[in-house]
Amino acid sequence: MTIKVGIQGASGYTGAELIRILTAHPEAELVFVTSERYAGQSMDRIFPHLSLRSDLVCRPLQDQSCLPDCQVVFCALPHATSMKVVPELLRYDLKVIDLSADFRLRQPKVYQDWYKTSHTSPEWLAEAVYGLPEIYREKIRGARLIANPGCYPTSVILALAPLMNGGGVIDAGSIVVDSKSGVSGAGRSPAEERLFAELVEGFRPYATGFHRHTPEIEQVLSDLCGQTLRVRFAPHLLPQSRGILSTCHVRPLPGSEGLNWQELFERHYQGEYFVRVLKPGVLPATNHVRASNYVHLGVVEDRRTGWLTVLSTIDNLVKGAAGQAVQNMNLLFGLDEKTGLTQLPVFP
Amino acid sequence: MTIKVGIQGASGYTGAELIRILTAHPEAELVFVTSERYAGQSMDRIFPHLSLRSDLVCRPLQDQSCLPDCQVVFCALPHATSMKVVPELLRYDLKVIDLSADFRLRQPKVYQDWYKTSHTSPEWLAEAVYGLPEIYREKIRGARLIANPGCYPTSVILALAPLMNGGGVIDAGSIVVDSKSGVSGAGRSPAEERLFAELVEGFRPYATGFHRHTPEIEQVLSDLCGQTLRVRFAPHLLPQSRGILSTCHVRPLPGSEGLNWQELFERHYQGEYFVRVLKPGVLPATNHVRASNYVHLGVVEDRRTGWLTVLSTIDNLVKGAAGQAVQNMNLLFGLDEKTGLTQLPVFP
Amino acid sequence: MTIKVGIQGASGYTGAELIRILTAHPEAELVFVTSERYAGQSMDRIFPHLSLRSDLVCRPLQDQSCLPDCQVVFCALPHATSMKVVPELLRYDLKVIDLSADFRLRQPKVYQDWYKTSHTSPEWLAEAVYGLPEIYREKIRGARLIANPGCYPTSVILALAPLMNGGGVIDAGSIVVDSKSGVSGAGRSPAEERLFAELVEGFRPYATGFHRHTPEIEQVLSDLCGQTLRVRFAPHLLPQSRGILSTCHVRPLPGSEGLNWQELFERHYQGEYFVRVLKPGVLPATNHVRASNYVHLGVVEDRRTGWLTVLSTIDNLVKGAAGQAVQNMNLLFGLDEKTGLTQLPVFP
Amino acid sequence: MTIKVGIQGASGYTGAELIRILTAHPEAELVFVTSERYAGQSMDRIFPHLSLRSDLVCRPLQDQSCLPDCQVVFCALPHATSMKVVPELLRYDLKVIDLSADFRLRQPKVYQDWYKTSHTSPEWLAEAVYGLPEIYREKIRGARLIANPGCYPTSVILALAPLMNGGGVIDAGSIVVDSKSGVSGAGRSPAEERLFAELVEGFRPYATGFHRHTPEIEQVLSDLCGQTLRVRFAPHLLPQSRGILSTCHVRPLPGSEGLNWQELFERHYQGEYFVRVLKPGVLPATNHVRASNYVHLGVVEDRRTGWLTVLSTIDNLVKGAAGQAVQNMNLLFGLDEKTGLTQLPVFP
């Protein structure tokens, strides 16, 4: 089978990563790419590392001529653009995997509160499926529109999901998520605060308490545990390009003393190819999953203080964006979920 | 006044930083340096950035010939070595500022539990003064032996002290400290896990739950709040050389809703030259205090979740080690505390 | 076809990279790995990024039990160890691809001069084929023992080869090669000078004038131009993990003024899949070939001064080591040279 | 003596570095700062590391009200702005130290050729003195307008000056300068090519053959050797913030075989406080001069190939900009040249 694929918004880091992964995918053929800023230019001019894909020339965003030939379109457009473009795409007989935040949240009001914009296509929010295969695999298979998860939420939800399912294992008010991300997550557009000289030797927090990925994390965790949950989410910017590491601190409830957390996690993710629960004593590091779709989890219990810490790392551009999107594509088209995604991490 | 100074253990990063700071100090004269490993070699061979101090030749650690001439000795020796060397030094008429952990904890048993060694000079533990001037300034002035604080503890204690003094402002069981440090804190001895290729693009946690700075933090905070306190302390290693940023999450107790935390911090540190409480909306970053003795604090209240986060950054080799040691020296000899330490941070 | 493969010395960066590439190779099966230091340990303990290859357990270096099953063995052993091990391996009916320097140079005397050791297996020097496919492709196909090129020589020879073939195009005494390498090329063994804190913000030269890759470069270039050639080779260490960029300055001879150097390079490498001559105005960068087997070349003529500069970049662990070794394996076994090596570079 | 000082264009990296150095200068008082972009804002908002200088509020560039009070103004304005502003300043009774390129070159035509702009104040070119104290010290003392040297030229000229003075020691056509610079040299304005994610692990060349510092280097070297000289200048961008290292390859002329180059350099720079000729076997590294005004030089002769390589490193923002400007100020006002500039480098 060859799936014909298009990418809307190919000139950002996520677009480039989609091209990298799809070029090596045995069942996908990249039919078109678009870019508003670089229409008419070939990919190797925009990204010299794609020198072998000089055949890919960016079309204008509005060009719909290739849509009838495609079976799936990835949208790597900025927030608020996607919500306008996606309904247009869905007029055609194709699937859409949207990598923006525009279809991840179920309540239009949440967009108002956290994104300060009215949603222009609220009718699609109910139909969109949140594309985290380890949690919503069955729903994904039958979807037309996939809302591909954010990078932070992927790392956090997979870290905490095993503690949600049990129901009543941890204190719902105790969840403190201290996340650290590489800079590529913030995109390629020029900004003083992302210049090399500003960041090297310059680790820092940002958006503490109001980062837009917070409601996304809370929505899924609330789903899983069956009650409305709030998370203290504190993101930080690392002096590195790729990689997210989330340190999730929670307080187990009294009565859970006998639990073997390591075993609980291993059992929960048994059979999940991309999620590796590390052996006791081994802790995750961002460069141990670099350029791959794997998730590394570490579980540490501190009996002295009563806190449990789950550490989780992903490559924000792969499992946190383009890789997960391709994993979703595989599910949508009945392929083995792993197809094209089994490359080992690049270290060092 | 000229204070005559010696350094025991000058061949590590802390030793080199002491030399850098003391060379510029208007009231100090560096009389001798020692190194076990590099005895007989000049400092510019060990550290090419000290090319102007080729006059300093390392003596053997055992050489006591210069001690009668000195008024103060800085010990930058490894843990467990200091506890043997310091009592020897104190036979002379001089002050000792010890930068190891060997005299920071009051109870010998804590060394047994956390350092897995018996303390060989427990009689000095009671006399040693913990050298954090912003908290123990008066005691420091009259001390003979200063236990210079650890780098993490300096960043954490200064972040949380204003919440301790009030007594009963925050939930003592809720303290989660998520710290991130540059690699220089781990010293200069060769180790696979500190190689450049292992760390670049490779942020990671370590020693979660059993880092030796934990009891030091707990001892001082317990002092301040008048009750025994435990802290969930989770350190991480940054792909950068210098700088610590501690993200301290705490839950204020019910009844504190009306409090203006920003104001509380500003008032607490009013008059403290080295501690800057940043304006609301500005958050600390490690490269904004680089190579300086300043501490930057940011206070963020998250009313939605009920958590308060205090962010704190220092240069681990300056305020976290050599700079603070010189601040202590100034106090010991009746100088203005700021002498030789007012240089602005080096950015970018 | 499935080629059965072994790796001698799998616990260094090159060994790990071989495992990464061979795991994804459609025609290769990794049968055994050895390590002197880590015998008995599984690869995921030595390299957490290889968590999926916990099946690979290191055998002792001396263990020859798997050799009868193998068709090819990669030797990623240190210099001077390989020269002892390789002849042992060649008693079996298999091919050897040696990644050390031990069989790259034809004259035993050169080992004496540059490596300060006597070669213990000089009889194999004549039979070994230098494994740079773009130059020695036909010889490689029929070889038993491949001497896989060094990382610097790969980058330099491919940059200068098009200027050698013509004969008499450039002044043979004018070749100045100013190379810069990431740290991974120096290996994983702990050393003060490769610690993170020593290198970040700390670009530096090393081994100027006596680097051991010099005679290797000179041997091949002399071959190509038909006269004995000497090269001023000046290597430097970059504050990055992977990547080599060589800046090769040469003076064209009088009479070459009319030449179109860009065209000369494009024509020379026409049909070479892994070598990309960049369009005029685009210059190579190490992160544009990262984690791939590609070579990017840029050609810049400076008519004002009469110098021609060829810029060349590779990933030192891929085209500079493990990737090129697999390219050689493909040739040895009659596969398409590109098999398993077409992955696009990982950027950013 | 207190020199009253102003800074035009204080919101770039050079401006901030001037503030850092001048704040610690015992004989200078910073009277005003200007910024076109940030007029009305205080320095601690623009640069959080300057939190202690919240007293400095940027005036508009046009505001001349403080000029009558000042004895010297530093201009850290962009090229082509300075040439308009400086003549205005010189109407007042003060000295100007201009850090742009606008007054460094003697011939207006060179601005046309290399900068593609007509010089609007050519009458000042003859009066401006090139502010490289190690070469033009006497002229500097009496100047009204100092053209502070570029960062690359400072590193290159000081590396090659000892070879120029002799006259006829090296082949004038052989000079190949391969320079590598940290990113801060390119300034703080946002640009895709200076984003962290583009540069980390991404060493690269740029502007090979047409960098605007080329004619500046050639002008001074030609002065020194008494003939018109051309230099092959190839700059590169390092994945680090500060620091320049220039690798200067030259061919000594026949007849110079007996020369002891190390001694020649040591003798040449004897008595120069800021220039350190490293001992044989020690090579310069950018982090060994970080945040200081020192220059480290290494001299390597390669008898095998006949090339001589001089390696030179500086901090581009200090000796390459703000530090050298203050060194010039000291000379202009009859102070000891070292005043305020003796701080040792910050390592690691």
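Per-chain numbering from 1; labels A, B, C and D assigned in written order.
What we mean here is this: a contact is a pair of C-beta atoms (placed from the backbone, for glycine too) under 8 Å apart; a residue touches a chain by one contact, two chains touch by 3 or more.
This is a predicted model, so every value here is computed, not measured.
Legend: contact pairs of A-C compared by residue number with B-D, A-D or C-D; the interface matching in over half of them is B-D. When every chain is reduced to the mean of its CA atoms, the largest separation from chain D belongs to A. When the CA atoms of chain A are superposed on those of chain D, the rotation angle is 180 degrees to the nearest 5.
Between B-D and B-C, more contacting C-beta pairs join the chains of B-D.
With centres defined as mean CA coordinates, chain C is found 46 Å away from chain B.
Spacing of chain A relative to chain B, judged by their CA centroids, is 39 angstrom. Taking each chain's centre as the mean of its C-alpha atoms, chain B lies 36 Å from chain D.
Counting partners per residue, chain B has 13, 182, 184, 197-198, 200-201, 239-242, 284-285, 287-288, 290, 348 as the residues that reach two or more other chains.
Taken as a graph of touching chains, this assembly is complete, with every chain in contact with every other.
Listing the residues of chain A that touch chain B in their complex gives 173-174, 176, 178, 180, 182, 197-198, 200-206, 208-209, 230-232, 234, 236, 238-243, 245, 247, 249, 283-288, 290, 298, 300-302, 304-307, 309, 311, 348.
Only residues 13, 182-184, 188-192, 194-201, 239-241 of chain D touch chain A when the two sit together in their complex. Listing the residues of chain B that touch chain D in their complex gives 13, 16, 19-20, 23-24, 47-53, 184, 200-201, 241-242, 276, 278, 282, 284-285, 287-292, 294, 296, 342-348.
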